[in-house]
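Same chain, two partners: chain A is paired with chain B first, then with chain C.
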Partner chain A sequence: MAVPADRRLLEPWQDPKAAPYVRIERVTKQFGDVYAVDDVSLNIFKGEFFSLLGSSGCGKSTLLRLLAGLEYPTTGRIFIDGVDVTQVPPYSRPVNMMFQSYALFPHMSVEQNIEFGLKQERLPRRERAERIAEMLDLLKIAPLRKRRPDQISGGQRQRVALARSLAKHPKLLLLDEPLGALDKRLRENTQFELVNLQERLGITFVTVTHDQEEAMTMSTRIAVMEAGQIMQVDTPTAIYEFPTCRFVAEFIGSVNLFEGKVMASEGNEILVEAGAGFTIRMRSYQPHPLGTPVTVAIRPEKMRLCAQYDPEAVNQIEGVVEDIAYLGDVSIYRIRIDEGRLVEMTLTNIQPRTEQALTWEQKVAIEWSPTSGVVLTE
Partner chain B sequence: MKRRSWPLLGILAFGYAFLYVPILLLILYSFNESRLVTVWSGFSTKWYGELLHNQQLLDAAWLSVRIAATNATVAVVLGTLAANALVRQGRFRGRTGFELLLMAPLVMPDVIIGLSLLLLFVAMQQTIGWPDGRGFTTIAIAHITFSMAYVAVVVRSRLAQMDGSLEEAAMDLGARPLGVYLQITLPLIAPALLSGWLLAFTLSLDDLVIASFVSGPGSTTLPMVVYSSVRMGVSPQINALATLIVLIVAIAVLIAGFTMRRGPNR
Partner chain C sequence: MNQTPNMQARQTSRLSRLVNIGVPYFWLGLFFLLPFVIVLQISLSEPALAQPPYRLLWEWVEEGLLQIQINLQNFMLIWEDDIYLYAFLNSLWVALVCTLICLLLGYPMAYAIATARERHRIPLLMLIILPFWTSFLIRVYAWIGILNTNGLLNHFLLWLGVIDTPLQILHTQTAVYIGVVYSYLPFMILPLYANLTRLDPTLLEAAADLGCRPLRAFMRVTLPLSMPGIVAGSMLVFIPVVGEFVIPDLLGSPGSLMVGKLMWTEFFSNKDWPLASALAIVLLGLLVIPFVLMQRLQQNLDEGRT
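Right after this comes the complex of A and B.
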């Protein structure tokens, strides 16, 4: 697939000639017998907002600490801006980190916290004052400058931590669950602010999060991790729409999975036999030999309600509404299609709930298009 | 509170009385005119005046203070180093043994510490000629050996409570390990260092048993003087001296409490 030139600027990973800013080469980190990070290779490009996404204990935080230099890899190498930093201590790396607990120094004022990194660099007093002013201004925390960390709120602390890690003008900023300690409302506002800040400063951000929504909103690319390994690296859209394995499909959002065998291949579409008399037709982006066991993954919002059941139609199936969950903007319907299988479908609540036609125990027909799902082999 | 619980208040009053009435009596009788400690015959400050002319008592007090200060300072340095090793160095080889040996002086009877140190000092004098006789140096060394353990316990709990990511953050911001220690760790454990120092100072100041073993001629500490003079009949001067000590200790405790309270994340 040819990529237009302007897209290469926005998506440097599409450009084979672009040099990655951070290169992680077959890095493994062992703690005793446990492989916290297991043979991970990853390229991160300049100006990216890169997210490491996974459940707790998947090794994402360890990977971030390896980048910061707070841990050293058991094997493998790490390059930042072309320089091998594998054994470089944290205080000599062009990298700063924002800690999950914020780690603000409790015996220093906001201003002194921001100044700390600049003092270590032995910047002259005047320059330090300028940088502090710049950071106070950038994060709108000037009124707090004389306060101590225990005298400000959680949201303000997050800003101070960000200011402190940005004050040194790092090339690469690492953020460990940057929004984890904030309440939901504040989190949503801060997400956009963080992205704006990153775009304005042009700094490469690498964040760690377990919140998929957060990763989807903010990132240029996401790496989904599990058990120390990277399962898939892609843009948020691709991760959601085209997962490459069952784990990623199930980890991000909800999904209906149908297991079956490839029955026939017609052009770029395949037919999958998924139980007695139930055949699924799907667009396939790669050839599958006949008889291959596959899993068809379809997101609940890709399902449509049909006016009437037509046994001849493509990907149409009949069932009974078993469960309805009303979430306000959408409703989730669980539809039993046979003894062992429930299909999940979400519908936007266009009409008020009282006006809705669908109710419990109702017989319905649902369908989906061959292009609105993926065929997984793993 | 609507209903006062009289029995509880009574218990509280009894508890405080048990602890502080003797001290109050001591202070009161330091202003007694009479030569007899137990008979009140009128107000006077003459014992304070006599105290100032009792050279033996003053020398002993000065020696005790010097020993206590030296002991506290050295014990804080060594105890802090030990606490750091226990909290920050992970599971090094022999850690459990180190911990046990460090804490042993806390439960070891004073008599045994004193006796064993006396044997050590005598043996050292015979083989390497140091310490030359017993006095200030030997008492200070003896006090440091057990005070260090108390300091280590106090500093260790403070270090363990401290968020380790603070030190990591400092390193991430460009501070080298020594810089991290001086700029972040030390200020944050300072309250523990101060209380450790005061604890070591007090322990040394009122030690009688160990000092009796390892002191020599001409190096009599204050508790030793007090103890021997009590056996020959108490002079009200001792009351006056004790009152002054209570005053100094009270001020020190107030200062310590105040700094602890002002310290961040208490």
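Right after this comes the complex of A and C.
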């Protein structure tokens, strides 16, 4: 999605003086012997669209529930807008949540659902009516106002749930798998709508998702979680291009991993011995002592075909095409380089299918540049 | 050729639908409608010294001529004699009070079981159901032993020093209330429990998230959503208690009349089957009419909302 230039500059997490809107300080949540959230520290800034990404059971939902006050941390503290809310019950927090199951009240109409939170605030009737109208308008659900949740579709329910959680004008909105129950088509449209809504209202969004594409499309920053811990927090670009550990590299997109040892170091480049006669030259952003075991990670789309195999050339390797997966826009080729290793390469299908670049059993040489991958030590 | 298996399938499906609908209708017809018609017929007949003790409504007077004689005397008597009106009002009142007490006691119990840990629920439910394994009659007799002037309860209260003279509880209206509430409480708890376990706990989380304190969340979410359970439980208590005979007979005072006891007297002591049947019909009418009206009202409300 296109990011306006002024927004690209708006990266408060880069600014050491910026005060975070949400501060999670060494929070641990235990259920019996299980550490659902394990010593997590995290800063989220005003106006961010922050995603917690991970597979099921990684603790992302628990972390969200800790922010909502539906769970209390075993240890650690949580601050929202500078106030310690660690032990504050959910009904006193300046936070609203959109539930994965939507949790709409089945005995109330769409309108009454939206009004529910406003009544708790004891807003006068006129103001409530205005807010309801505003929300019905914002989410384009005015025709449904008198219907009950069981009389509307899944997509409409999602909008009502969003309207209900936005009605109180929260400063922080928590979304638990907001698009999880929608079909693919509706999801993609809603992703853009959600981002537009967030930018227009200036609310800080924290969302939980297991869908990496969704996280990449919508977020200002992503926290990748695994086994209750945060593996990496960064912008979508940085998460994809510069993963800091093998887990993140493999979790987001596909990746070719070559294990080896550091052989030599030349300026800001290192040479990695990754098997007999196979040397990889890589740009390295940190010093690596000789002999360190490292993993080189290169994305499949960063591989190129070369016209002729040159055994002397750097970052070049020969192999045989074993599998071809045609996806329409791109094709994925799996190339066997030796007994145990397959390399994955994606090529854009510039020509129509009839003139496929490669065929099965074809001998090919592939290469990549020293700057198109990362060197991982974890 | 292709049509044949299809048609066969359609025929079998029609047959199975007929059986599906037919069996419950047959059951209702045999065990509800037929007895009802018999009772209605008796209620419109005259008592007689015979076996059974009433005269049939119809009679063949001549060849091929059927004479039907309907006797409304029984219903007139019920309308005119205050004792019956009193008995009906008293029965409804007792049933109403007992239903309310059962609801007030049963709701928290059902709620506690429904929100208990999963592995505690079945044992707790067993404790509710367990008394059913002893005969109902024996359990009511046991209450005589407890409530007697020199029974367990009075002994206990005297020992505690709360009272100096034994309380007269047995053979009072209070004893009836105690016996009825004790006997019918499970019928309130079970439907309420079934309803409350189905309640989605995230709805309460959503209410809390929207600024609702626990008590208000209960009033605005749990209570309205458990209404079907409350109605079902109340029906299951109210309807049988109105016609209850054993408990008022064993624990109640001889002076306080309930319809069930009156019916028993008419049937067995006075051998007036027609009058007893008329009482049963009036009672049925009193119970069914409000029920039907309530359902109508509910339907109208539902339609009004859409």
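The rule is short, and it goes like this: the second predicted complex is superposed on the first by the 368 of 378 C-alpha atoms of A that agree within 3 Å, B and C clash if a C-alpha of one lies under 4 Å from a C-alpha of the other, contacts with A are read in each partner's own complex, and residues count from 1 in each chain.
We take it that contacts are C-beta pairs under 8 Å (C-beta built on N, C-alpha and C of every residue); 3 or more make two chains touch, one makes a residue touch a chain.
Worth saying up front: this structure is predicted, and the values here are computed from it rather than measured.
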Partners on chain A (chain B, chain C) - clash or fit: clash
Chain B versus chain C as contact partner of A:107, first or second or both or neither: both
Which superposed partner A:371 touches (first chain B, second chain C, both, neither): neither
Touched partner set for A:121, first chain B, second chain C, both or neither: both
Touching partner for A:151 - first (chain B), second (chain C), both, neither: second
Touched partner set for A:99, first chain B, second chain C, both or neither: both
Which superposed partner A:91 touches (first chain B, second chain C, both, neither): both
Residues of chain A at both interfaces, chain B in one complex, chain C in the other: 68-70, 89-91, 95-97, 99, 101, 103, 105-107, 116-117, 120-121, 148, 164-165, 168
Partner chain B, residues of chain A touching it in the complex: 68-70, 89-91, 95-97, 99-101, 103, 105-107, 116-117, 120-121, 148-150, 164-165, 168
Touching residues (chain side chain C, partner chain A) in the complex: 200, 202-203, 205-213, 216, 220-221, 224-225, 305-306
Touch list for chain A against partner chain C, complex: 68-70, 89-92, 95-97, 99, 101, 103-107, 109, 116-117, 120-121, 146-148, 151, 164-165, 168
Of all residues in chain B, those that touch chain A in their complex: 163, 165-166, 168-176, 179, 183-184, 187-188, 263-265
